[in-house]
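Note that the chains take the letters A, B, C, D and E in the order they are written out, and that residue 1 is the start of every chain.
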Amino acid sequence: MQVNEYKPLIVAFCCNWCSYAGADLAGNNRLAYPADVKIIRVPCSCRVNPMFILRAFQRGADGVIICGCHPGDCHYTSGNYFTRRRMAALFSMLDFLGIEKERTRVEWVSAAEGAKFAATMNDFVQTVTALGENKRLEDLRCKK
Amino acid sequence: MHNNKYLQEEIIRISGVNPSKCMRCGKCSATCPAYDEMEYHPHQFVNMVESGDIEPLLNSESLYKCLSCFACIDRCPRGVQPAKVVEAVRLTAIRKKGANRMTADAVPAMVDEDTPQQLLVSAFRKYTK
Amino acid sequence: MRKCSLEKINLLFAEIAKNAELYLPTQQTDGSAAYKKWEEGSVWSNALNTVRSPKDFFFPQTENLMKFKTEGKSIEVVDTRNALDDFVIFGVRACDVKSFDVLDRVFLTEPVDSFYALRRSHGVIISLACQRPSETCFCKTFGIDPAAPAGDISAWKTETEIFFEANTQKGKELLEKLSALTEECDDTVVSEQKEKINKFMDKLPLKNVTTDGFGGGKTKELFDLPEWDELSQACLGCGTCTFVCPTCQCYDIKDFNTGNSVIRFRCWDSCMYSDFTKMAHGNNRLSQKERFRQRFMHKLVYYPENNDGMFSCVGCGRCLAKCPISMNIVKVMKKIGGK
Amino acid sequence: MQKITREQLLAKASELLSNGTVSCVLGWGLGEFDYDVTPTIFKSVEELENGFVFNDFCGANFSKYLVNKTAKLEGKILVFLKPCDTYSFNQLLTEHRFDREKVYAVGIPCEGMADIAKVKAISGDGIAAIGSNGDKLTVTTLYDDEAIVIDTNEVLAERCINCKSKKHVAYDELMGEEGDVTQSNRFDEVARLEAMTPDERFAFWQNELSRCIRCNACRDACPACTCEKCVFDNPSSGVENKSPANSFEEKLFHIIRAYHVAGRCTDCGECSRVCPQNIPLHLLNRKFIKDMNEFYGEYQAGAEVGSRAPLVSYTTEDLEPGEVFNRGENNA
Amino acid sequence: MQRVGVFVCWCGTNIAGTVDVVAVAEALKSEPGVVFSANYQYMCSQAGQDMIKEAIKEHKLTGIVVCSCSPRMHEATFRKTAAAAGLNPYMVEIANIREQCSWVHKDMLTGTEKAIILGKAAIAKVNLNAPLTPGESPVTKRALVIGGGIAGIQTALDIADAGFPVDIVEKKPTIGGKMAQLDKTFPTLDCAACILTPKMVDVAQHDKIRIFSYSEVTEVNGFVGNFDVTIKKNARYVKEDVCTGCGACVEKCPMKRIPNEFNLGMDNRPAIYIPFAQAVPKVATIDPNACNMLKNGKCGVCSKVCAAGAIDYTQKDEYINEKYGAIVVATGFNPISMDKFDEYAYNQSKDVITSLEFERLTNAAGPSAGKLLRPSDGKHPHTIVFVQCVGSRCESCAEKGKEYCSKICCMYTAKHAMLTRDKYPDTEVYVFYIDVRTPGKNFDEFYRRAVEEYGVKYVKGMVGKVVPEGDKLKVQASDLIANKQLHIDADLVVLAAAIEPDKSARPLATMLTASMDTNDFFTEAHPKLRPVESPTAGVFLSGACQGPKDIPETVSQAGAAASKVIGLLAKDKLTGNPCVANSNELMCNGCSSCANVCPYGAITYEDKEFRMPDRTTKVRRVAVVNPAVCQGCGACTVTCPSGAMDLKGFANLQIMAEVDAICK
């Protein structure tokens, strides 16, 4: 194991009904993924305000991922459809400002997809690690 | 069955048709006025293109029996557009042979007073590209 | 008086930049001018003035005051001030030079604002006389001579040369350091230029704007004039006028929680904002009319009242050019002046 | 040169004021120079005759004023709306921001408004007078004896070069001829930026946004930003922020500003018009508009009262957020 | 500032194996607000819970953080624990250090580090928690069923049998719906009337059921438990309570040539009519568009012959206001129009009919008294062609048909074919099909019987065109198996038309703020787990308004909807989820964005007068969230530009505090 290896900080917003349960299932099945991922529970992916995402980047996150129920399966019927549109618009805008598009992601993870949750997180951490530190949306005041 | 992937893709590309949308109802063939003249019928064109069984179609006279009346396109409940598949196969055959089946020079000889203009136009579209 | 050929101006800049950070109006991508740190290849803008005023140098838009480091439940106060290098601001127009006087009276009188004072002590101002005032200029209203700018060093530019005259000790010292690149000369050219500009000042459309009717002691007369309603009705309540103004000096003190510490900083504030000077009991100026009135009353009445009649407007014309709805101090002065 | 003249508008305003249809007129007020007009409420014919102007610099979009003015003033307000203003007008109605009954809207044709900065770029600073003659502006400066003649098309404001519509979508009465929705190239600049590499885009915006002084003019002039309290002004929102302390905060403000009006922005261009630092803020709004048009079908905010913006709507077939980046490759 | 207690659970070795629980408890001790921190082997055990209760009391805790397993596991447990100790249950936050930490990370160091961060996030959140109390609202113990077909009838009966009053609103003069028009029902071939009409009578006689026939719902306000509904009772010009249904008026009415909608226009009825013999209510109705008296003031025959004196030409539409606790939608279906299917010559020949018309044709109470005769000439048809999937599964012809499978056609066509062969063995019967879909108890057996026992000729392929020629219908079709084009001279062609939701459904959905799919079928709250509930609380779905259904399915769904309604009406008060949205009216712009994204219609607007900062008053439109209807998804909070809308329990500041804590 390397020392001082770069560890990204990943904030994952998970909807309570599908993705958070999917993350629990990953745990039940002992499917490992990096500890760099920290999960925040929200009732629905549509609760995630773009402000939260920017806030995470400001405070030092290197990647933000939003997980919700698969389209059509939203506990609240339509929440994730709004998420899909909002995040499509937001991500495209971040890309427009030249911010690495790989740092943001939306994934649909059902309560049964523990394996998908772990795989998604492994992949996302890998992607963000390859990008390195978030420089384009950082707030130097918040650096340690 | 000979599966010719290249030709299959080519025909799908030319026609712009997605044969897998076909749910095998046969309404195209049911509606086809040239049915009896054809060895392979509209629904077979769709099915055979879907399965990649192109060679028999290329060599079949059915290609030139299709009237291009587009009744099958109109009636198909799935929007598959069989006539476009037929036309694409026809075009592939023409290209393969490296020659148009009809040239402008040949037209006057075929014309007689009873031939409607529309037929000529339709024939020209069918036999050349 | 010393002069230098414009051909050598970059050498001169380089020489200044050897000992201090040099800032000069630089052309930006949108064509406007902004003070930028000089480096090899910087292009000195031809614009009459910068969009942002040079007050930034002494009173930046945001400035950290201190930091509270939190560790568990303990708090440690950290001084965030860094040692400051000397810097030179080049090409400050007469109006803006005057604005420093306005700011000085606020920040350098007791209690002295040590942050401002520190920056002020490290800065050397090389002013530059105006040759082509704009239609929005009305510095003369406030007794400013655009052809004879103050500052540590005054400068005049012609087609081919630039002339310098040191006004202060700081200025003299700097000019001496530049002696290799400059030569002694008389003031003929400069006098001519001064005369020409002074004559020209009478052609300016705003030459007749006067401060008559304003000044200390006018509060009661002006405060309740019905004209304020009309003047303020289109005001959007944005801070453009305030933030481009060289003399506006209000700030807000805020805390920013970084997660590991709290940074206490100050930042420009605008009396046009609805939350300006918000206090525990609420706001003391509740309508946009009151906020609008505050800004102009401050510049034209309250400030002179506390500062020996000195107005806190220097006639630079920035607000005239930048207000989204073209409402400005000139319109206010014309409407209610002399009442 | 506008097809409709000050005199025509003045006559209309005087008529409506005199016959009691309206109790006041929201119009352009005379300034110090020939280009600095101020939105003004005129309450009498006399005031109108003394102060009302209409020329090539009457760019301000009046729609937003209606939110506050209708709530405060008694009686009906006459408002003159250029075609692009009518979109904002409708959008505000969609959002129930003012009482339609209290407004008498007169649609007026617009040939595009001039940008004084572009005029000055040609004539130089120190403008003494600007006259209008056909499609030319005659600019007299303090420094030149002869007037400089400028083609109005050369100095059109950016938003007018890329005018999206000369057709009014709302009015009580229309003056002059009705125009059409125009085929504009308004997304070209967005497309040009999209074609850049992310590094180039980042550098571009870093440079543009670094000039921001957070004067809030873009927000306060925006007819879509009519919040009772902006999140950036509200300490209890947790994101209140008064000045851009660093480049992150510059971006935060402008991303969120554009995001909050996404789907509601009619692309009126006021944000860029009023920016003292000439930051092309409209490009951020247009990026959202362009994206949403491409992702979810053409939508023009304000074209219709009561229409549903793309971000408060959905279909089950929408594209995934991850797909927004490689659309180009698929289309190619 | 809160007084927070932190409780770190070992979960045996489940957590303690990879997380240094002691270190976690120690590290979290110094977080802001934390006044107590402890660790224990099993927090969820009685001893663990007692420890929490004790600490709450001893340290006067105002909030607790339990670092343990997933909140999906034990959040409810610890909330109860807190409540038992007098702490508001919503002052509990869980840091998930098992499923999302100890179980997925192998290394003690990283596990501990992450557990501390997760704990800090939970502490940051609980510091901003506020006590929440679920709202309560009373329940009006009365249900409304919209639609009086078999779905509505069954739902109403089930609810009424449970003891709750039910009102049925039916827009036709009688209840009974489509089933009343049917002849026999598959797969048992019982007569539809024989099984339906007793139920209709039950409805009529039930003391808990009121029938509003010839009526429509025009306005719905309120929310679950408290709906306020306006019902428009159309004037039928006959006093319902007086009419005996003797039929004298019907017999004597001189306006006899009005197409009879009950027989789908295949015969006529008078201007005053009773749709069919077993109608409920059995009351005459005057068709105002046909009655001479109502149109011109001339006639009055019915009034003269009515012994009971029930005719009232001056009757007006009546509006009734009633309160309901629950609403069941049972608006049913209709066959789609065949107008656009030119290829089948439906509009050219009377002998091309739809399956529903075929039902009437074979029904003993139908226009031909049950004899299968051709509508054109009354002759017995010898060759009958049935065409399936007419307009169903029709993707390309959205303007003509429907994309979906209508589900019931395969079975009723098999029924028609079988019955025809049974009664008239001399007829030749063809059924053209694309697929035969017969899942269902005894369904496939039924279909196979039609083929094997009754000799129905099933042909795989579609009919391409039907051309009337003389008294024959020339049918041109594909036989895909034989690879032949068939030409059949048919006497009768029967089209299995696709079915679509009733046209009244969409405006009704708008009134109910219930969501619909693009085909105008009502959307269920969850396709698997809540199939009879609409996402709008208190609105339930019964029958084909939710999707194509046959009778057995409809009846079972009707029963299911009824049981959901009973479950709701049995409650005296509804307790809501306290984590609901709420709007700060001082910041609200009234722009309607939030209402646009609310899937539950929980947001309404009202004009309110505000004192403005500049001392003036201003009337503004502001959003109001109904906490009884809001489910707490938070969609509104993000769409609100001013941030006026926030979600209790998951507030903007709370989530941002979590973000900050994780990122610091």
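Following the convention adopted for this analysis, a contact is a pair of C-beta atoms (placed from the backbone, for glycine too) under 8 Å apart; a residue touches a chain by one contact, two chains touch by 3 or more.
Just so you know, these numbers come straight off a predicted model, no measurement behind them.
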**Fill in**
Every chain in contact with both subunit C and subunit D is listed here as A, E
**Message:** Strictly by the touch rule at the top, which chains does subunit A share as contacts with subunit B?
**Reply:** E
**Item:** Farthest chain relative to subunit C (centres taken as mean CA coordinates)
**Value:** B
**Message:** With contacts counted as defined, which of the two, C-E or A-D, has more C-beta pairs across the interface?
**Reply:** A-D
**Prompt:** Taking mean CA positions as centres, which chain lies farthest from subunit A?
**Reply:** B
**Complete:** Cα centroid separation, subunit A vs subunit E, in Å, comes to 35
**Asked** Just how far, in Å, is the C-alpha centre of subunit E from the one of subunit B?
**Response** 47
**Fill in**
Where subunit E touches two or more other chains simultaneously, the residues are 597, 639, 652, 656, 660, 663-664
**Set of subunit C residues in contact with two or more other chains** = 256, 258-260, 274
**Fill in**
Listed in rising order, subunit D residues that touch 2 or more other chains are 231, 239, 245, 311-313
**Chain-chain contacts as defined at top** = A-C, A-D, A-E, B-E, C-D, C-E, D-E
**Message:** Considering only the defined contacts, which subunit B positions touch subunit E in the complex?
**Reply:** 21, 23-32, 35-36, 41, 43-44, 71, 75-80
**Request:** Using the touch rule from the top, collect the residues of subunit C that touch subunit D in their complex.
**Result:** 28-32, 34, 47-48, 51-52, 61-62, 132-135, 200, 203-206, 230, 233-234, 236-240, 242-244, 252, 254, 256, 265, 267-270, 273-275, 320, 322, 324-327, 330-331, 334
**Prompt:** In their complex, what parts of subunit D are in touch with subunit E?
**Reply:** 71-72, 94-97, 225-231, 234, 236-239, 260-261, 308-309, 311-313
**Prompt:** In the complex formed with subunit E, which residues of subunit C make contact?
**Reply:** 72-73, 257-260, 274, 282-283, 286-290
**Asked** Can you list the subunit A residues touching subunit C in their complex?
**Response** 59-60, 139, 141-142, 144
